[in-house]
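Next come two complexes, and both contain subunit A; in the first it sits with subunit B, in the second with subunit C.
Right, the complex of A and B next:
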């Protein structure tokens, strides 16, 4: 008997297949879709890269620039980058149609100019991250932030009177 | 801050090689069964290899972990397989991956490593780099398939699973359409997740890898991993987080069982049943998407709690979808159970006797259909299950029909559980991130996955890493029972018998392959295709 009832059910329900891709499919607002970095906010701190389970985000240094590279081909859309970003610069969007014939569409690069160490001249941090750090440490320690980590470690104590042990910034 | 529900979940006992067999025998006679085991290279700490046997004692609500060690120059411990055959695979795996020899093991063949893997190279030893690539050797032919005579045909069922497009290989020995024996060869897609996690990943990255062990029941793996670490590090998990975990685990169970009913109908030649079930399941997928941001791979668990909270609006929407899902599922199931032709295909087919089930240590619906009253949610309460009311269905038919009926009852228990959780959701935080990771602390997390008991063992490594992580999916324990179920059955029943354990071959291999979202993963075609008469 079950079979006949189910046939009746199928007729009364009709077609349930969605019209997609000829009609859009709705997803919730906080859907975990394509992650996008806002290049105007990102400081290049690398928190996302160290949290990213599949290493889809990598931070590299290229001369004067620090480059945050997001490759969607590795992304698992977990959204950990969004969780850990201190600036709110990376967000998962509701976009999920990522198939493309163009490999470049799967990459996002954020290039951030770096600041040189006042002592050795080596580029060591992005301007934006440094400005951000300067806002958060006392002025007197702030001067130390203009040194790269190596020079900071070697800096004579008189550079910073009473500075105590170094703030990593 | 809430409480840790995991208190006293396990006890680690160092045993001497002389007494281990006796201890295991006593535990088995007391109603315990073999859950899982792992080999650990502890040489950097103490110059020894260790084997951890995890034995589940449901009656006492505790896992007994028997720890055996052997010196570096003679890595050998007595096998417990002769006493408890459930240990066979775990011991072979430890032999393959860590290079510990098990004395008196009846069949210490390779289980996981391929035949052309060089001898004496053990990938889970700490001196083996995770990214080393090995050149294959000539290898030895597989040693299996001894049960042949003139009248017996060998029917290969593989190398892909006929239902799920998963890699597996069953060799059926058939006489006049009746199966007289069967062998299983798996682990074609072992990808070394444990090595990857131990070498390259940090503590809170691993839940996302664990979740990808299974494309159907991944949340249960990330929950078990997080519980293992929480147990090792003594992390207090907020109550609200525990409830949200239970919520997602039950949503996962409902969608998994509805998926399975669909697959079972399809295999029994009832495709419209398959479509009706998957139609009902769609509401459950919408619930998951609403709460976690995706239909599958919820990504909700982290060590210490969960990542997403649940607003009042979402709760209301979830309750509406739940009502639709439950109503539709009830209607379809009631009609399907009323179809005599379907029931006849399942009744008395694929029998697994209770005694065999106990010895092998089968878990979940397979155990409960063979009269074994076990459920991790009740016996070792985790997440919010200690506060919730649910029945554990047990059937004694030992056949495919019983496995079907266990899942039917369970599905509706889960609907009730989801409702209880949403109605009693406590307020408060959803994650506790204030903890420190100890060095070399053991932790065990277990959950009742839709397919049965899921066990993760962890040894913490300090420095935000794990030293050893061993996940064990339920199918690992259920698969060795399939050859027994197949014996004496018609070849035409083999697909539904294999499917009756709701197998996850790739999960057993510690990798993710199943595509839960696609309806086109099902196999149809003549089973005898590829039949090859043995030349002997």
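Right, the complex of A and C next:
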């Protein structure tokens, strides 16, 4: 290619350099950016934590609270949490300007209150998740609903032994 | 750590020369770093330049989760950068270990690296700008550099939500349960399991 022709080509293409960071840059609508948990909806079910490949989301229990902890620094922006969340509580926004000099800024915590088991007193599930489960499986009755999984597993044995009518829990 | 970055900003009013240090990255982040220097983003217009030796650099662009094999070399490279220096931790791997954070062969991100540097080499952690992403978009890297140079205030903030409420929640819930009840478990468990 001749030099004149090349110059003509360069002029016809013009300037390609973006002005960013002095001007905003356009991001496609389905860009997978920063995931954000809507704390008003999240039930603390932990589905996102089991789906997250780098375990950027971890669900832990701290006394009365179940803590959904999202650490953005480790997130790989795959969107699996958004796919599995049954409540639609976690969404990937188009935000990509996440750089910060402060490591603490990269965390999101959602602390949800838990219900205590009526028999052994151990906090075992969040209020919200229990209420949500009830909508899906409304046939678990009365007190048995407020039993932790271990006590619930023991409950049928107790009916057999005690000869209750099944409503005593 | 934030204040230290601000100290650094006062010191470095000059152009930022960057040494690209790959500590076991998958190459994704490295390609994005090269993109940043390509015509579309062209950060040389901001005075940012890649250099071939850490001794010439002001900043280290660290990618990868720091494998055990390259740990001493990474420490040497950080040591070789003259003060004042800054580390740009680029990508999920550098920021928090990424998908390898708990595997046997990696240290797992700059936080762990700094802990080892302090305990075993007696070095203070340099100021660091974390740029999450896997890999971060070229614009995200430019944003990180702009944060390091003090051109932009970072907007990412820690978010903590604590659910309010307690005992009355339970009552409300039981009410809700009763409202939903459509099946009564009024059955008797058969006791003659051994007979019939």
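The rule is short, and it goes like this: the second predicted complex is superposed on the first by the 147 of 169 C-alpha atoms of A that agree within 3 Å, B and C clash if a C-alpha of one lies under 4 Å from a C-alpha of the other, contacts with A are read in each partner's own complex, and residues count from 1 in each chain.
Assume a contact is a pair of C-beta atoms (placed from the backbone, for glycine too) under 8 Å apart; a residue touches a chain by one contact, two chains touch by 3 or more.
Keep in mind it's a predicted model, so treat the numbers as computed, not measured.
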{"item": "Partner chain in contact with A:30 - subunit B first, subunit C second, else both or neither", "value": "first"}
{"item": "Superposition-derived comparison: subunit B or subunit C, residues of subunit A touched", "value": "C"}
{"item": "Touching partner for A:51 - first (subunit B), second (subunit C), both, neither", "value": "first"}
{"item": "Which of subunit B and subunit C A:79 touches, first, second, both or neither", "value": "first"}
{"item": "Touching partner for A:102 - first (subunit B), second (subunit C), both, neither", "value": "second"}
{"item": "Which superposed partner A:39 touches (first subunit B, second subunit C, both, neither)", "value": "second"}
{"item": "Which superposed partner A:5 touches (first subunit B, second subunit C, both, neither)", "value": "first"}
{"item": "On subunit A, the residue positions that both subunit B and subunit C contact, one per complex", "value": "16, 53-54, 76-77"}
{"item": "In the complex, subunit B residues that touch subunit A", "value": "201-202, 204-206, 208-209, 212, 270, 272-273, 275-276, 279, 282, 289-290, 292-294, 297, 299, 307-308, 331-332, 334-339"}
{"item": "In the complex, subunit C residues that touch subunit A", "value": "1-2, 4-5, 39-42, 45, 92, 95-99, 101-102, 109, 111, 127-134, 136-137, 139-140, 142-144, 146-148, 151-152, 154-163, 165-166, 169-170, 173, 176-177, 180-189, 191, 193"}
{"item": "In the complex with subunit B, residue positions of subunit A that touch it", "value": "1-3, 5-7, 9-10, 13, 16, 27-28, 30-32, 50-54, 76-80, 83, 92"}
{"item": "Subunit C-touching residues of subunit A, taken from the complex the two chains share", "value": "16-18, 20-21, 25, 34, 36, 39, 53-56, 65, 71-77, 96-113, 115, 127-128, 130-131, 134-135, 138-139, 141-142, 145, 156, 159-160, 163-167"}
